[in-house]
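Shared chain: chain A. Partners: chain B in the first complex, chain C in the second.
And then the complex of A and B:
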């Protein structure tokens, strides 16, 4: 992992979309073809002796808390949850790799890493794809590349993305311009939590739009180049704020830290805004919390995580109370380890 | 082919139109083409419109006749959902898909990773072309012993894939 960018980059993700050549794509999916898709994947993994590294999650055998828990960890997508009958996923035990089955495409192979680690993530999924390809045939055309259910993914089938924490660019109202500039470069930037002008937690995902005609390396390079530019802009603004208005900046950070540490009830939306200030404070070296811990907290304090921890699907006020208990526990721990 | 305007005379002129980024073609006989030209010159917008509009409709009908030979998906079904039914759809909808793919990706030729089968094929082709170069060089240098080895290796390689 490239720890040097950790102050802005929360995580990196790469996914490949692949379809079995002879099976109908998702619009024409039948119970039988879906089963066939799962079976082939299982056989290919077994043939590679990799099956034991993965856990199989079938959507139709899970309750909502379990499903959303995995989605909050970005190990499965909300689209997979909607495929509640046929959707399933192999998740590697280290939670760095997931292979979703019967989502929009037969396979969505995904690697996820903390911080900026796109190149390693890419190598990881190439290895998995190579292993699977020894046993199966994916739909491919020499002109159009890998064929996908939606033509927007054809070609490499690759989506490379960085999750960025951009509180100062957001406060400076620059995200509108950033959006337009990024679009011209064939990339797309969107809020992770909630659409609209303000992304909750000031978290954004930047990824490639086009998948055909550019190699995987070119796609990754484009995302990294624009990512680096945004990192520079965000850092400059953070430095400016901390130098020009130290009291205002620190007040914002410590207020949020205090609320996170001592509150007794907090809705998710409010949590995300304080979490953003917490992460900002850590990046400025003002808080006794590690970046790892803050990023783990981001997942741990979300609804499905809190429910799973509570052991029952609590809702409303009870959920917000349990969330606070979880946050307090997290921040009071020495070294903030998990 | 008969003129698409009067449907009587033999069409001799192919008119290509790009309307709203859609490329359509219409066949005219010289007589009708002349009328069309005159309507343009005289500013008879109605005749001109009618002729062009019919060309557009034809183009639309053309597109709707597309249907996948494997899964049966129609082009209209695809347009409604933007999802294709199977790998064959890409071939059977090749024409109408072209502008869509170009609009999304700004490119139309895949570059990047290819499946194993193609990769092996690629490696074999690379090996063959390298051997051919070496063979040429050996012959040029009158190094016939090496040339014989390369020739045998080439024979072996080209045999595998059913000849190149």
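And then the complex of A and C:
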């Protein structure tokens, strides 16, 4: 992991869209073809002696808390949750790899890592694809590359993305310009939480728009190049704020820290805004919390995580109350690690 | 001191208005008569061997920071500050007694104590008046009692007051009714900070309106009776809030505590609102801070106290920043006492 970019890059992700050549593509799939899809993946994993590394999650056997819990960890997508009858996922026990089945494509293989780690994620994911391909055949066209349910994913079938924390670019109202610039370079950037209005938590995902006509290496290089540019811009603004307006910046950071440590009830939306200041404060070396701890907290304090931890169904005020208990417990831990 | 009412009563105060019978009353006084007034008081204190217990503060020898510092401690009035040429005050070193000279009357003798302590304050102040009267003669009319510059203070010349902390009566929008009820009983209640709009810090002073036609004992009894009624009302609302909406109440308390502990810049007005929640939290036994400490903090975090502590002139943002440093230092003290 490249820890030197951890101040801005929360995580890296690569996903491949793959389809079995002889099964009907979504939306033409049937319950039976969907089951075949799951079965083949299991067999391929078994043949590789990798089955024990994975846990199978079937959407139709899970309740919403369990489903959204995995989605909050970015291990499954909201689209998979919508496919609650046929969707399933193999998730590697280290939670770095997940294989979604019967989402938009037969397979969505994804590797996720903390910080900027696209190259390693790519290595990891192609090793898994190679292993599967020893046992199965994916739909492939010599001209179009890998075929997908939606043509926009054909070609490499690969999407490389970085999750970036851009509080200062957001505060400086530069995200509109960033959007346009990124689009010109064939990439797209969007808020992770709450699209449309200001991105909650000031978290953005930058990824490639096109999967066709560029090699995997070119895609990764493009994402990294634009990512580095955004990192530079964000860092420059942070330095400027901390140098020119140190008290204002520290006040913003420490107020959020105080509220996270002491509040007794907090909606998720408010949590995300204070979390953003927490992460900013850590990046500036001002808070006694590790970056790992902050990034774990981001997941741990979200609705489904809080519900799962509570053990019994909690909603509304009770949920906001339990969220605070969880945040407090997290921030009071001695070493602030997991 | 009656510590049992400390949850609502911040302090008690009694002041007497007295005038030398042979010197012109304000506004007819001259620089020379004003000086005579000071001189006589000094001589009377000296004759009682009490001079060493007091420090003399002459308004015309002080800068604004020093003047407002004393006003924030309620040891002198803003009216005395306005009399910057001739006004002065003897302040006893224990800061429980002050004798203002050439304010509206020749002498304003005042005793102040923490908590509900009007009887003791009265004893203290009449002991001082007796001592002075051995050496000087105050203007007195057998029918009107003590004569004062403004006729509304004639008679006993006494004002007895309690400073009350009424956050829940304020939040419950009951202060309008309280105002009317208190007025019917011949008393008045007003916000300590920021009259007109909502009282900052939710601090109110209740005192007698009339000084004529009632004995000193009757005045004190009336203030205590109405005070006790308000204490009961405030306590009932606190109990209700803490019982019916414990999380909301604790959230309000702990958010303010977190912000007081961690903010890096805070205007005085905002400080007063969080201070109110701090004191409420202490009264409910929810915060690791003593009531003494909270009441000292109320003075210590105000503008002139912060300026005096800073040692150099600070205003605006710098003032709000130093205020936070002072608050933090206060709340991090091990035993939270002076």
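Throughout what follows, the second predicted complex is superposed on the first by the 337 of 338 C-alpha atoms of A that agree within 3 Å, B and C clash if a C-alpha of one lies under 4 Å from a C-alpha of the other, contacts with A are read in each partner's own complex, and residues count from 1 in each chain.
Basically, a residue touches a chain if its C-beta (ideal position, glycine included) is under 8 Å from a C-beta of that chain, and two chains touch if they have at least 3 such contacts.
None of these values were measured; they are calculated from a predicted model.
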Looking at A:141, would you say it contacts chain B, chain C, both, or neither? Reply first, second, both or neither. first
Which partner chains sit in contact with A:126 here, chain B, chain C, both or neither? Use first/second/both/neither. first
Winner by number of chain A residues touched, once chain B and chain C are compared: B
If we overlay the two complexes on their shared chain A, which of chain B and chain C does A:250 touch? Say first, second, both or neither. second
Contacts on chain A seen with chain B and repeated with chain C across the two complexes: none
How about chain C: which of its residues touch chain A in the complex? 247-248, 250-251, 254-255, 257-265, 317, 321, 324
Looking at the complex, which residues from chain A come into contact with chain B? 19, 21-28, 104, 126, 129-130, 133-134, 137-147, 149-152, 154-156, 158, 186, 209-216, 218
Taking the complex as given, what residues does chain B use to touch chain A? 71, 73, 77, 81-87, 89-91, 97, 100-101, 104-118
